[in-house]
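Each structure below appears as structure tokens.
The same chain A turns up in both complexes below, where it pairs with chain B and then with chain C.
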Partner chain A sequence: MSNKTTAKEAGTLTAKHSIDARDLLVKYGFIAVTVLFFVYFAATIPAFRQSSTMFSMLKFTSVVGIAGLGLTMTMVVGGLDLSVGATAGMAVTVAAMTMVIYAQQGWVAIVAVVIAGALIGAFNALLIVILKIPDLLATLATMFLIQGLKLVPVDGQSVSSGLILRDGSVAPGKFTSDFLQINRGSLGPVPYPVVIFFVIAVLSWFFLSRTKWGRVMYAIGSNPEAARLAGARVGRYKAVAYMMSGVYASIAGLILASRIGQGDISAGNSLLLDAVAVSLVGTSVLGVNKPNAFGTALGAILIGILLTGTTMMNFPYYWQDVVKGLVLLVALIFSFTLSRRKTRFVAAVPL
Partner chain B sequence: MTTLRATRRKGILFLAILLSLAIVAAGCSQDSGDDTTTTTAATETTVATETTEAMAAAPAPFDAPPVKIAVVQNSGAGDYFQQWSSGAKLQADAIGIEYTWYDAQADNAKQATDMETAIGSGVVGIIVDHGQTDTMCPLINDALAAGIPVVIYDIAVQECAPDAVQTQQSDASLANLSLSQMLQDIGADQNVGYVNVLGIAPLDRRHVVWEEYVDQSPWSQEFFVGEFTNAVATDNAQLVDAALKANPDVRAIFAPYDELTKGTVSAIYENNLEETVWAYGIDISNADIEVMTADGSPWKATATTDPNAIGAAVMRTMALELAGEQTNRLVDFPGVLVTQAFLLDNAITNMVELRSAMPELNLAEVQSADWIPSVEF
Partner chain C sequence: MTTAIEMRDITMSFGANEVLKGINLELEPGKVTAILGANGAGKSTLIKVLSGVYNDYGGTVIIDGVAVDIDHPTTARSYGIEAVHQKIADGVVPGLSVAENFLFEAIVNNDVPRASSLRGLMPKARDVASVLDLDWSDEVLRSDIYELPIADQQLLLLARALVHEPRLLILDEPTSALSETEADRLFEVIRRLRDDGVAVLYVSHRLAEIDAIADRLLVLRDGVFVNDQSRPFDWPQALHSMLGVAEADPHDRTGELHGTDNVLCLEGIQLLPRSSPFDLSIRDSEVTGVFGLLGSGGSELARGIFGVDAFKEGTMKLAGEPYKPKEPADAIARDVYMVPEDRAATTIIKEWTISMTSTFPFLRDVSRFAVLNPMAEAKVGRSVVEEFGVVAQGPNDPVVSLSGGNQQKVVVGRWLRKQPTVMVLNEPFQGVDVGARHDLAEKTREVAAAGSAVIVMSTDLEEIMQVSDRVIVLADGNLRHDAYLSETSREEILERLSEVE
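Then we have the complex of A and B:
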């Protein structure tokens, strides 16, 4: 997936600087680390080499990657959407309710979930753009709101077929088999979640790096006032970024729902921090030092490789958090310490 | 100036590389098969682990170890699962099973991808510990279809995956043990109280037994309270307190989960009823033993299993299944009764002393064979 993109990105980036060792390290260090780990695991763990392992790793990565790409959109305009995990969790409950309680078809559930995601994004935009609440605080409030609200219609229960409803009747529907295919199906050997992840990553990269709108979003992120004076409609762009984030998170939730096969109320709980981590790791890829789609996707894959590899080496679960922390730290060192470019992550948040 | 900065950068670069190397190095030491975590966990929970001698030559595939399996666990965190995992790992080492341990950290979606990875990783057997039926069932069937035997611990899959071996601690036996002691202590025709939370699979299975006892003893159930929260003991103490104020004439209370029992016991103390109202529970821990053996404690009996022994017995079930010797598809691990009198008579103050006083907690004879060295705790 990455070869073409890498070459293009690298081409545009190297033009201005003369190449020395440190520049090389900043640009390719992270990719090199990824490749090194991949080769190391592949050489030492026979099971890691299996193509089925690769695909289940990418499947696992796809959910974090998609949520991270949405988060990247909001980071580009200088914000941070803390509600992505909760949105994905809500998507799981909405999908389960649509199919199990209202006995609707799978495609209805998909439409309902995406609309719900867009609405949450719009709600965030309302808080941030119109009510002028700082991004972090607004999305934190949204996170708690939807974490709780999603449980109201289901009385705090996980929604699965055979659920007893409030009036004592049994829920009439179940997860449809076509909906379950979102996670279980595949295009040739490539599972659908990986296909969805790839398509969203490419579209996001194209949108941010190759369109006028993407450039305006970066301009807003680095200096909203200057962007406004230059004629950009800052509020609208921010609103779009948050709605994209909501929709992406709900798509991640669709994959989760299909994977779990029931309205698990704990779904999405661990997603937020993982999504933040891959987006931050992504800023260091290719020495770009700003949030970017290619980096986020690669960051997600690197963390997927590390988690799969360390699991196969029987690292206890707590060591996996240590590994994630080290990866993030190394990425931050590449970005902040080694790079000559001025680094910008999240623009100043007035706290 | 430039040199200074360059030196500093080199130092930082070195640090970065060091960090990366640390990850790799840590990986190497784990890979060598010397599982230090397991050993530590085991010594924390047991005084001495002994292994029975294998009396016969091992059948295929155990004649050519290591036999590679995967354990796909919903969550390995918490005292119970730490002990369960530690027991299973020790038993695996004793038989010559090499395991890859997947821990989804209570993330059901991650457990699903873990299962997929395990199926594709070339193992000859998979143990699935806990998880959601709807999530795991299709994957368990995928594994069985790929010719990989699956042993389940405590997920209801008998209907959707009848070819998997389903193991569970016998909640019915635990409830029976505790309730038969209660019947013996207080007799028939008594007023009784009940503390339980329905909708949680093991507690539901205990509930079925309770209803039988109430019907047949017969007892008159004066109250039924209980809620599942983040602080079960404290929150249920308030509920039972209120229920006891309304019904101080009950003779005994059944609270079939130790956190519920602890809450019940403190409510009994609160109402100064420890002379007349007795508590019966399920499960035991160091803290529970302290409560049970306190002066004048109303907690008269509990029934329990040893999570270490259960983990080991599940691993032996995997071994039997791989050797083609496991015929039943359902395996229940029996519990044992622990009475207050037994604890006091033997001056037992903690789990280690309890294990040595009650060798039947070991389950060493359960799910074993003459070619299997059973671990004991």
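Then we have the complex of A and C:
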């Protein structure tokens, strides 16, 4: 009897030892990969080392990062908001219309865009919480709806100054200079989009991991019935998550509009998949295997580093998607193959 | 008449857990044999052995005097054994029409061309339906299976089994989804089959049904038959053997508590579709035990009080005020708490520590302006661990790393420490070892002694006797008995439970 026990204990000990290395890989592998690429690019590309490159890379990452953080909120409650890209795209058109067609100030455009984003989130919440449509399907419908509806008031045209309106008159306004400052301006050396991205990332991280609301949201994502039976009002939390996602996406859209400087109707088209990718990549950071704000932000930055690096090494543009795909794949291998924890977004993403 | 099917010394183990410990059973043609048994007695295992789901059982099955090896469901079918399992949803195929469901086996076996039109399937579907004289219109046969009433789905599955002209028909809780008239229809069918010489094995928790239909009653407990009766059945005796012998003196504890205030008043509550409404007042400072067999309405009572589901009928008053919880959150706001049955599925967040699990329902207590205070959380976690004797290294252990009993201590303790107005514990001792069960019962009684109205639902009479002051007996959703333990007895409780109307 005692012999048996000892043998068994010894067995578990060795097993535990070998798993430790794997745990280490799962936990820090992703961060190590990020650092590795960073060092590699910095060593081989002199221009990569300049701080201006760093900031332009982060600036370019901020749009995807912010949209990804919104999407992360919905992943935390066990859903997935497929309308973030379309919402950002709509934000561009709404901003352009407010300033160009209605000749309003920049701050009016900002308010209008954020309200529109919150409304889209509320609409998603209505479909999911009240009408009980599964998250993916509801937000897919919303995505198509707003992609189409945003074109109705502008007759399917991109809105820029000098636009000829339906009644033959010329649009009276233009993108105001303060609105354009969102993209161009900076706080010291740090461009505003990067400041906005960092502030939102830190606030989101704090909200999710340090407040009781974040705690309840994770509970809902993990076991909605248990959360409900412990007194969580599941519907309200889901509604809040989708409204946050809508607002985040509209902020991403504001930065995008300020960067483009016109109401480009195709803006935001590729944003959804990038946002999904960074959120999924984020789940594998630190081996936590659940959607989290820190991971999403870091995922966005890693993809930013890789895209900047490969572009500077003169890879053709079509390698960008290959890079994103590979990063996602590596992250998924960390989460599903190497990790012993059960990965959370399985149920949420039956794609 | 010869014995159709005989089981000799059947054993079945899952790892070290021996579920069937030597079953001897003769199933005679033209007889309905009923099996009664508590949860985990081995009923479903026995059915699965007979219907070929498990092929590594011990012992012999003899059919017509020849020993056979039932190693696969198709083997069982070839010997004339058909089983209709409890969950109707597992039997019907969604997305197919009623006609296709009738012919599902033929379709799977390619006996019917897959591409054949629905019109072409109709006559064959009618053939299957005719074994039960189901004269359904073309319109019904063409409709989607989910448009069919649940009772008709049950009949469809039965017809599908009967088309093979079985010599043994196994029915596992066949009426759980049926209304009274639908159940009566099913009984007529069973009686007809019996008269045609089919052996029927009937598994149910409903005493009235067994009383109505069975020729023989067997009680299964811990993997062996402990009681074997022919009509007329001695129900108190059957229940005694099903639930076991009293192990401990229920009054071996610190005095019976008697509350004074009717804290929670239920008026005209109807628990199940077929049950009659009743009034019930729950008093403070005592433990009310709600005893009944599986499916007798205890869970419905618990869920109604906690606002998980609404009662079919009836209203509630809490401390004299109207009480109408739409959500558990509403109940919690009035200090009415519940620990649900099925701990793993409905209380545990797998990723969480003991502390997080302990503080979850009352995060306001451990946060300031919504920001969580880890120190305060750890304090609550530690207090649950210490007060309830949770065996763990500390409050930061993952809750899933604990044994069942210790997990239960955490999910019960997180509510009890708040001194509830009403505390509902639904099957709090399931999957809990003896030691933890004792500790939990003690704590529950302490909280009641301090003034809480505590309600404990259980299908185990020993548990009820151990923890309760007052006992309520439910049968098929009806209130059968209500008395303090000192005024009643085990015998009387079983007597009331076994009254067959």
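Keep this in mind: the second predicted complex is superposed on the first by the 327 of 351 C-alpha atoms of A that agree within 3 Å, B and C clash if a C-alpha of one lies under 4 Å from a C-alpha of the other, contacts with A are read in each partner's own complex, and residues count from 1 in each chain.
Basically, a residue touches a chain if its C-beta (ideal position, glycine included) is under 8 Å from a C-beta of that chain, and two chains touch if they have at least 3 such contacts.
It should be emphasised that the depicted structure is a prediction, and the values quoted were computed from it without experimental measurement.
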item: Three-chain arrangement built on chain A, chain B and chain C clash or fit; value: fit
item: First (chain B), second (chain C), both or neither touched by A:323; value: first
item: Greater chain A contact set [chain C / chain B]; value: B
item: First, second, both or neither for A:213, with chain B first and chain C second; value: second
item: Shortest CA-CA distance in Å separating chain B from chain C in the superposed model; value: 19
item: Contact footprint of chain B on chain A as seen in their complex; value: 22, 25, 33, 36, 40, 44-47, 50-53, 55-57, 59-60, 63, 157-158, 160-161, 175, 180, 183-184, 256, 259-262, 264, 266-267, 269-270, 306, 308-317, 319, 323, 326, 329-330, 333-334, 337-338
item: Contact set on chain C toward chain A in their complex; value: 306, 308, 327-329, 332, 338, 340, 345-352, 356, 360-361, 363-364, 366-367, 370-372
item: Complex contact set, residues of chain A against chain C; value: 210-213, 215-216, 218-219, 222-223, 225-233, 290, 341-342, 344
item: Chain B - residues contacting chain A, complex; value: 9, 12-13, 15-16, 19-20, 22-24, 26-27, 30-31, 35, 37, 76-77, 99-103, 105-110, 112-114, 116-117, 119-123, 132, 134-135, 138, 199
